[in-house]
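Across the two complexes that follow, subunit A remains constant while its partner is subunit B and subsequently subunit C.
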Partner chain A sequence: MKRGIGYGIAALALVGVPFFSGEYYINLASQIFIFAIFAASINLLLGYGGLPTLGHAAYLGVAAYVPALLHLKLGLGHWISAPAALFGTTLMACAFGLIALRATGLGFLMLTLALSQVLWGTALRWVSMTDGDNGLRGPARPFNLDDATSFYYFALAVTAVSIWLMARFVASPFGATLQGTRDQPRRMSALGHDVWMIRWVTFIYAGFWGGVSGLLFIYYHKYIHPVSLSLANSAEGLLAVIAGGSGTVAGPIVGAAVVMLLKNYVSAYVERWNMLMGFVFVLIVVFMPEGLVPGVRRLWRRFRSVT
Partner chain B sequence: MQYWAIQTLNSLALGGLLFLLAAGFSLIFGLMRIANLTHGALYMLGAYFGTSILKTVPNLWLAALIGGLAVGLLGGLFEKFVLRRLGGNILGQVLVTLGVAFILADVCLVVWGGDPLPIPTPPALQQPVRIAGLAFPAYRLAVVVIAVLVGILLYLLMERTRLGAMIRAGVDDMEMARACGIPVSRLFTTVFCLGAALAGAGGIIGGPIMSAYPGLDADMLPLALIVVILGGLGSLVGAFVGSFVIGFVYTFGVALLPDLAYVILFLPMILVIAFRPRGLFGKFAA
Partner chain C sequence: MAALQIRNLKKSFGGLPAINDVSLEVAPGERRLIIGPNGAGKTTLFNLLTGDLPVDGGSIALFGEEVTRLATHRRVHRGLARTYQIITLFQKDTLERNIALSLLGLSRTRWNSFGRIPEQFREEAAAVLSRVGLQALASRPVSEVAYGERRRLEIAMALAQNPKVLLLDEPLAGLSREERGGVKSLIAGIRREVTVVMIEHDMDTALDMAERITVLHYGRVIVEGSRAEVVADPRTREVYLGH
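For the complex of A and B:
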């Protein structure tokens, strides 16, 4: 009951944002939504599967490049390019999963990193296709979502559905087995679960949602650059998950908001975002390894037990 | 014919540089179980140090030695004061190395600016060497020789010295090594220093070929990663063989299909992972 009221207030606040804030903040909120989907999809692997991915930018980047390329080279519209982007990234996740899931732990991290870096290098160097460092102009937004407010509601709706479906995924019996493979892979295997298959399905699911965030990304920015495929982008997503709290539904959303606000505010004053991100990474890992959401929750519980 | 001979030598030279980078990466991983993502940044830092050192020290080899020592010292301090605090938290350690990699890359950008800085070839090695009617750039030959020498020295260090025996014991069973009285923590610092120093010196030695530019770290790190995935984590021989394989694949990939050179890097990796997931010479299943 109490929870329901909390969600209701949050929903009202989100729907109300465009009524009491300027275009800058509406756009910032849209960017946070897009980034939250991206972070939540990383959280599926890192938080619930115990699989530290450092190559998730590959899905965001490819899902953003595909519509831009289909539009520029073949003149195809959204009804073809959007499904093609999602289908393409999902298929890519199937293939990458086959490679990366030969390992777990650090091996998995290095394989995902190597795979995404190969895509980044290709996007940067295949100038005849991707125009390299100049980046590509994306197609116009679908459904005439050209003003900030209508795109905000579009992004809000997509994000709400995405987060809900991901939360359902981890709360389902399958999600429970996934968390089992994270904590006790051998026992899960002994109980008759196909640990590899569970991880692979999760990898593909996470790749799909990474693709959804990439599609929103190209619609929002109408531009894509190889930097979106880079290690820095994967690291930003990972930072959001860890800062917010991995293995929680709210963690990546809070983390995405924190990282995006930090990035936007700081970039307005100094150009040293990468350095700051590095410091935030180190500080969070050293001093707050559990993340904001579990940390605040623990403080709250302690506060309640005192009063 | 001349063209292919030069490409072969370029491949060998790139392989040599990759070995300087990947050997340290692989050793650190083998002993400490850390994927040290600062390694690309340390290579770049070495290259930038080189440009500054060469302003006062006119000799490239001396500069490589000084720069390597400086980068090694920084690596040791980082291990002792940051990574040590996170002992046992492997993911945390990797994330910290990632954070430090971003910090180092940005520091380089602030200090040395965004333009590529060349490192001149030593005058003695500017003339090409003529073998069987073909001209070979002397400097690249020298790089290959150095890489092979470093490889032999590292091999002797690991197989023939007391320190090497302790490192091998730590790699095989760290807890047992510790119980036998081997100072494993000090070993960690030593190996991290050594790996960082090799990367830094590699940056300077690679300078006349690649120069120092922002993004050098991001160019080298994936190559080093693919080398160790290919050669096997923690294996010196694997790093050596993997480096030259990737040196050839990448150089010929760039020469034949410049657009898709990075895609071609996939192929050896996928083949190895499909048929031998622990890498060619690896001891661990990654």
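For the complex of A and C:
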């Protein structure tokens, strides 16, 4: 009941943002939504599967490049380019998963990094196709979502559905087995679970949601640059998950908000915002090593037990 | 047809043979004890049987079906279950969820990625925990229960799958006298249709529970037979007493 009321208040607050905020903050909130989907998809691998990835920006980047290329080179509309982007990204996750899941732990991390670096290098150097460092202009937004408010509601709706589906995924029987493979992979095999297959399915699912965030990304920015596929972008997603709290549904959303606020809002006032971001992460890791959401929950429980 | 048939099994680590041409047959419903001094290759043998380790040579058959090259989880689906010498459980999860993960292992429901874990699994888990006397602890995390209760939970997880062949790797290790009693009666109560192969160091306890005994030494079977035959054999004395 209490939780339901909490969700209701949060939903009302999110729906009400455009009524009491300027365009800058509405756009900032839209960017947080996009990054929240991206971070939540990383969380499926890192938080629930115990698979640390440093190459997840590949899915965001490819899902953003595909509609831009289909629009610019072939003049195709959203009804073809959007499904093509998601299908292509998911197919790529199938193939990348086959390679990356030959290892776990650090090996997995390095393979995901290497695969994404190949794509980043391709986007940067294949100038005739991607226009290299100049980036590509994306298509106009679908459904006439040209003003900040309408795009905000579109991004909010997509984010709500995405997070809900990912939350259902981790709470499902399959999600329980995924968390089992994170904690005791050998034991899971001995209980009849196909650990590799569980990880592969999750890898593909996470790739799909990375693609959804990429599609929103190109619709929002109407522009894509190779930096979106870069290690820095993957690392920011990973930091958002760790800062917010991996293995929780709310953690990546909070982490995404922290990263985007530091990156977009604070950078307007502080020249060395990168340093500030590093400092904030050090503080989080020192005082709440489990992340902000589990850390605040812990403090709240302690406060309740004292009072 | 033998429940478990092993022929000329071999496994080496860096040129050092851990299992050296081991052959043995376990009849359906039999209680077989594997004994031997430390380093004899007992746990390695279990790891080969479950597929945790790949074999270098030889074959393994479960009820006549060759499983030597099958992945671990596929052997489980053919009726093989095991426990570990070092307790391997999901520490942060409740006892009920540990059992549910075991039940999911053989159910198609495990691929359901949208719904909740069905109530039926909770009920089955509760029934399994009740059978091993852990029903009162069902909602407690594993990390909060005693060592002996964890041992019982591990055996319960294997039994929840209604296995045809159950491998117990030192199920009494590290238990107090009282806890041993509980686990012993739990093992003694396993249905006769289940074939049980057990590694155990506590000879007094283990000899009580076994019908046939295999003695391993330096990865080889040196003695095999009934309890009386094995105890009377001078090679057993030599391995255990050195004379």
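Note that the second predicted complex is superposed on the first by the 288 of 307 C-alpha atoms of A that agree within 3 Å, B and C clash if a C-alpha of one lies under 4 Å from a C-alpha of the other, contacts with A are read in each partner's own complex, and residues count from 1 in each chain.
By definition in this document, a residue touches a chain if its C-beta (ideal position, glycine included) is under 8 Å from a C-beta of that chain, and two chains touch if they have at least 3 such contacts.
Quick caveat, the model's predicted, so the values are computed rather than measured.
Student: Could you say whether A:G175 touches subunit B, subunit C, both of them, or neither, answering first, second, both or neither?
Tutor: Touch partner of A:G175: subunit C, not subunit B.
Student: Of the partners subunit B and subunit C, which touch A:Q184 in the superposed model: first, second, both, neither?
Tutor: second
Student: Using the touch criterion from the header, give the chain among subunit B and subunit C with more contacted residues in subunit A.
Tutor: Partner touching more subunit A residues in the overlay: B.
Student: Which partner does A:D194 reach: the first (subunit B), the second (subunit C), both, or neither?
Tutor: In the superposition, A:D194 contacts subunit C only.
Student: Can A:G75 be said to touch subunit B (first), subunit C (second), both, or neither?
Tutor: After superposing on A, A:G75 lies clear of both subunit B and subunit C.
Student: So, A:V285: does it touch subunit B (first), subunit C (second), both, or neither?
Tutor: Touch status of A:V285: first partner only.
Student: With both complexes overlaid on chain A, does A:R125 touch subunit B (first), subunit C (second), both or neither?
Tutor: In the superposition, A:R125 contacts subunit B only.
Student: Spell out the part of subunit B that touches subunit A in their complex, as residue ranges.
Tutor: Interface residues on subunit B, with respect to subunit A: 29, 33-35, 37, 82, 85-86, 89-92, 94-96, 98-107, 110, 218-219, 221-222, 225-226, 228-229, 233, 258-263, 265-266, 269-270, 273, 277, 285-286.
Student: Taking the complex as given, what residues does subunit A use to touch subunit B?
Tutor: Contacts found on subunit A: 52, 54, 99, 102-103, 105-111, 113-115, 117-122, 125-129, 230-232, 235, 238, 242, 272, 274-275, 277-282, 285-286, 289.
Student: Can you list the residues on subunit C that touch subunit A in the complex?
Tutor: Subunit C reaches subunit A through residues 50-52, 71-73, 76-77, 81-82, 84, 88-93, 97, 100-102, 104-106, 109-118, 121, 157, 161.
Student: Which positions of subunit A touch subunit C when the two form their complex?
Tutor: 168-169, 171-177, 180, 183-184, 186-195, 201, 205
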